[in-house]
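In structure tokens below, several structures.
Next come two complexes built around chain A: one with chain B, the other with chain C.
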Partner chain A sequence: MRDVLAIRDLYLNVAGKAVLYGLSLAIPAGEIHVIMGRNGSGKSSLLHALVGQIPVASGAVTLDGESLLELPQEVIARKGLFLAFQMPVALPGVTVTQLLRAALQARQEKGKLFNHMQFHDDLEAAMELMGMDPSWANRHVNDGFSGGERKRCEMLQAIMLKPKYVLLDEIDSGLDVDATGIMVNAIRLLQRRGTGILIVTHHSRWLEALNPNGVHLLSDGVILRSGDMELARTIELEGFQAVQ
Partner chain B sequence: MSENLEEFATPGNFSYATEYAHDAGRGLREETVRYISKVKNEPRWLLNFRLRALKIFEAMPIPPWIPVDLAPLQFDQIRYYLAKDQEPKRRWEDVPDEVKATFDRLGVPENERKFLAGVEAQFDSEMAYASLRQSLAEKGVIFVNSTEGLLQHESIFRPHFGKVVPPADNKFSALNSAVFSGGSFIYIPKGAKLEQPLQAYFRINAEQFGQFERTLIIVDEDAEVTYLEGCTAPRFESSTLHAAVVELIAMPRAKVQYITVQNWSSNVYNLVTKRGTARESAEIRWIDCNIGSRLTMKYPCVVLAGTRARGEMVSISVAHHGQYQDTGAKMIHNASHTSSHIMAKSISIQDGVAAYRGTTRVAKSAKNCKNYTRCDALMIHPESVSKTSPTLDVNGNLAQVQHEATVSRVSDEQIRYLRQRGLGESQAMGLLVNGFLNELLREFPMEYGVELKRLMEMEMEQR
Partner chain C sequence: MECEKLSTVLPADGILNAPDGFCFIDDLPAEASYELRLDTHTHCKFVLHLGPQGQHIRRRTIFSLCGENAKLDAHVLIQAAGNQCIEWLGIQRHLVKNTESNLLIKSTAENGAKISIISKIIIDAPATESCAHFQNKNLVLSSRARVIARPELEIHANDVHCSHGATIGGIDPTEEFYLRSRGISQRAAKTILQRAFAEEILCQMPNDAPYN
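Our next item is the complex of A and B:
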């Protein structure tokens, strides 16, 4: 049986307001799925709930059959869920290298030695893929980064930390054409590795190159419709009312 | 090295059984001072110096601005002198296993042990280990404990001793002057530049035993030296007093760097007077890291006595629950074209208090002096406290004095971000704290830097 991230009948309240009511969705390993929906429809809240940052009211979230609900955020992260934040916070003084090393060491079995050589080789390769020059390694995480630089840095971490699932919260926003191309390549690399990918976005055009396995419309707190790229194209061209 | 750091990972509990051959009993009277001086075979002039200092100590009130009640110290219950009856050792093989066990526990890196040439380790008030590397001896460097210094090198020692920090400077320098034992005497002859730092490890091991080491470093013209001292204290139930005095003299064009890392258990009162005099074109750098203790009061000072002298202070303070770090620096510009630089970073955890107390003074006769002061505070918890009290006293002409300060807090958003990356809450805080300190940690030698990072992580775990 293939690994799967399964969401069943999920209810979620944010600031006393019901955001999701009975949402279900399954993302098999190695597949790319896209969620689209109006502003405020709960897309971003869903991603934060999956990684344990917002408590859910009821429902189930399982990774390969194991429940993720009630687990501390860092445990969910170590089990393989990575969220690329839409607006990641700055960590003054903490370099990209230090963050990645600490995050990898936190995942390592106790007593095992950290392979620094391997780490630096991997980091160099990942930065090259992301079009980042070597000076990035010593920059302070998100401190004074432009919007596009923050997105790249998030994706760099997704590549380095080798999660089972990557949740991308509007990873395409604010990117120029070249940067979008880099992002598409990175997502393809993750997919080749067998990583499951859940993308929240408002734009369909950049998805063409990714050929997602599923496109889902989040509306009224549930997945109202599911389809393929054709659904995304319709939304982009004709708006949400055309598909509701 | 990593293995040693693992050993180091258990906070506190660095206590080992030791037998003490000399003990001056509890409390401080004239007989106590006479006893110490006699045990050490000191000359008359030094006994008189000690007795004068005792009178000053008794006459001076406890400064009213001390932020923490000193009552738990119980001056009459302290043991003022306690020494292991050992001659300084020259070979590693001769060091008792018990002392080696302490080094293990302290995480003294293996490579440093090899370099124990040129290293002194003070085990309680006398040196348990002292070995001079051949090359140091060839250069004419003197590196001995303070008693050996005053007995064997009186002609160099005596004219400078107690001049930079006179007994009457403050109540605790008076106390130190009365009962001091241990500490180092170092003389670097003209033009000698030491590439290898001189190191000393200090620790306190006897309950209720105040440690009063006294260090005098004289760096002659054009000479250069770096001195390292590191401290950890065993965890004891009752309060412990540490009142050290350090005097530095940098002759014209000399360079002195004095690096301290102290990690006291939270019952220690650490009241230290450190001061250096920089003559013409000389340079003195204090690099100081204070972790733990109930109260630390320490304001390393550089008196810029000669033209174009330079003073620098790099300070890190960490105040945990129930701890008060009152630290800072003093730069006294008594000559023209002198410059000074102060970089201070403090971290307060839980209800810990970290205060910066700094003074920059420019004498009326001093012209074209420069000072730059920057102090940054990081507060980890909502109840953490940070205070800043800079004093600027500028009388000379054309002085440029600049003071910058920042205060920041660790945000929930930063913690959540790092937890999403797989770090536990304390790991997240450790990373943010090390990020905050990064820039200053670079000023420490690499082994110390690694050790300090580890210490910071440990501090975050003690919740």
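Our next item is the complex of A and C:
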């Protein structure tokens, strides 16, 4: 049976306000799905709920049939969910290398030795793919990074940690043309590995190169419409009014 | 990098001459009081780690900038755990003009530990055109731990630049969540952030200082 990240009948309240009411969505492994929606429609809240940052009111979230709800954040991450934050926090004093090593060691089987050589080789290759200078490895995570650099650092982690599903919260915002191309290549790499990808974005143009399997309109707390790239193009050209 | 270890046996008058470059004062008794004097054109980079010296540590340090163009960059790390009690009393005293002192103290208090940081900048009347800055950041890691911070200024001269400030807080929950979202356990995340907090001081320490 194919792996799947399944969200069923999800209800979510944020600061006392109902944000999602009965949202359902399934993302099979190796597929790219996109969620679009107005500002404040609950797109980011959904991603944060999936990784355990916001408690859900009711519903089910399963990864390969196993419930993720009520699990501590670190366990959800180790089971295979990775969120690339829209505005990731800075960690002064923690280098990119330290963060990645600690995250990989946390996934290591007990009694198994950490392969430092392999780690450095993988990190070098991932940084090259992301167009990052090797000196990045010793920079403090997101500390003094520009918006675009933060996005690259998020994607670098997604490549290194090899999750089953990557949730990308507006990963394209603030990126120049070259950086967007790098991001597209990284997403393709993840897809080739069989990683399922859920993208939240406001722009469809950069998605053309990714040819997503599904585009979903989030409105009124549910997935109002689902389609393909044509839906994203219509939203970009004519606005949400045209598809609601 | 050369790092001069100052005498661990204090002279009777408690006065030490600050060298030009890095220096640290190691393995003094838990209770110690001394004056570090900076002469003309001396640029002293002072590092100190308080914590391993004992259960009750009381340290009184006077940085005296006695010669023109003397400059002090001091970094102090205080780490208290268990039922430790650490008291820091520091004075940055500027006696002559054109002198500069910068003191950064970072502290972490765990379990039922208590830390008291009283640090004062004194600018004497002749010390015009001097700069003195004191910054203090404290991390409280348990509801039983206590940190008292009291930065003070006493300025008797005009045309000086002085600043002081202190913050007290816990581990930032958003930073902790970020680490946990990468699969790192809550306990390991706290340890990483605690180490990261100290890193700003640890990275100032030369390679041959005892804490590296």
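Just so it is clear, the second predicted complex is superposed on the first by the 244 of 244 C-alpha atoms of A that agree within 3 Å, B and C clash if a C-alpha of one lies under 4 Å from a C-alpha of the other, contacts with A are read in each partner's own complex, and residues count from 1 in each chain.
As a convention for this text, contacts are C-beta pairs under 8 Å (C-beta built on N, C-alpha and C of every residue); 3 or more make two chains touch, one makes a residue touch a chain.
No experiment lies behind these values; they were computed from the predicted model shown.
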{"item": "Clash-or-fit label for the pair chain B, chain C on chain A", "value": "clash"}
{"item": "Partner chain(s) touched by A:89 [first = chain B, second = chain C, both, neither]", "value": "both"}
{"item": "Partner chain in contact with A:16 - chain B first, chain C second, else both or neither", "value": "neither"}
{"item": "Partner chain(s) touched by A:73 [first = chain B, second = chain C, both, neither]", "value": "both"}
{"item": "Which superposed partner A:65 touches (first chain B, second chain C, both, neither)", "value": "neither"}
{"item": "Common interface positions of chain A, toward chain B and toward chain C", "value": "51, 53, 72-74, 77-78, 82-83, 85, 88-89, 91-94, 98-99, 102-103, 106-107, 140, 157, 161"}
{"item": "Residues of chain A touching chain B in the complex", "value": "51, 53, 72-74, 77-78, 82-83, 85, 88-89, 91-95, 98-99, 102-103, 106-107, 113, 140, 157, 161"}
{"item": "Contacting residues of chain B [partner chain A, same complex]", "value": "2, 408, 411, 413-414, 416-425, 427, 431-432, 434-439"}
{"item": "Touching residues on chain A, where the partner in the complex is chain C", "value": "51, 53, 72-74, 77-78, 82-83, 85, 88-89, 91-94, 98-99, 102-103, 106-107, 140, 157, 161"}
{"item": "Sites on chain C touched by chain A in the complex", "value": "172, 174-175, 177-186, 188-189, 192-193, 195-200"}
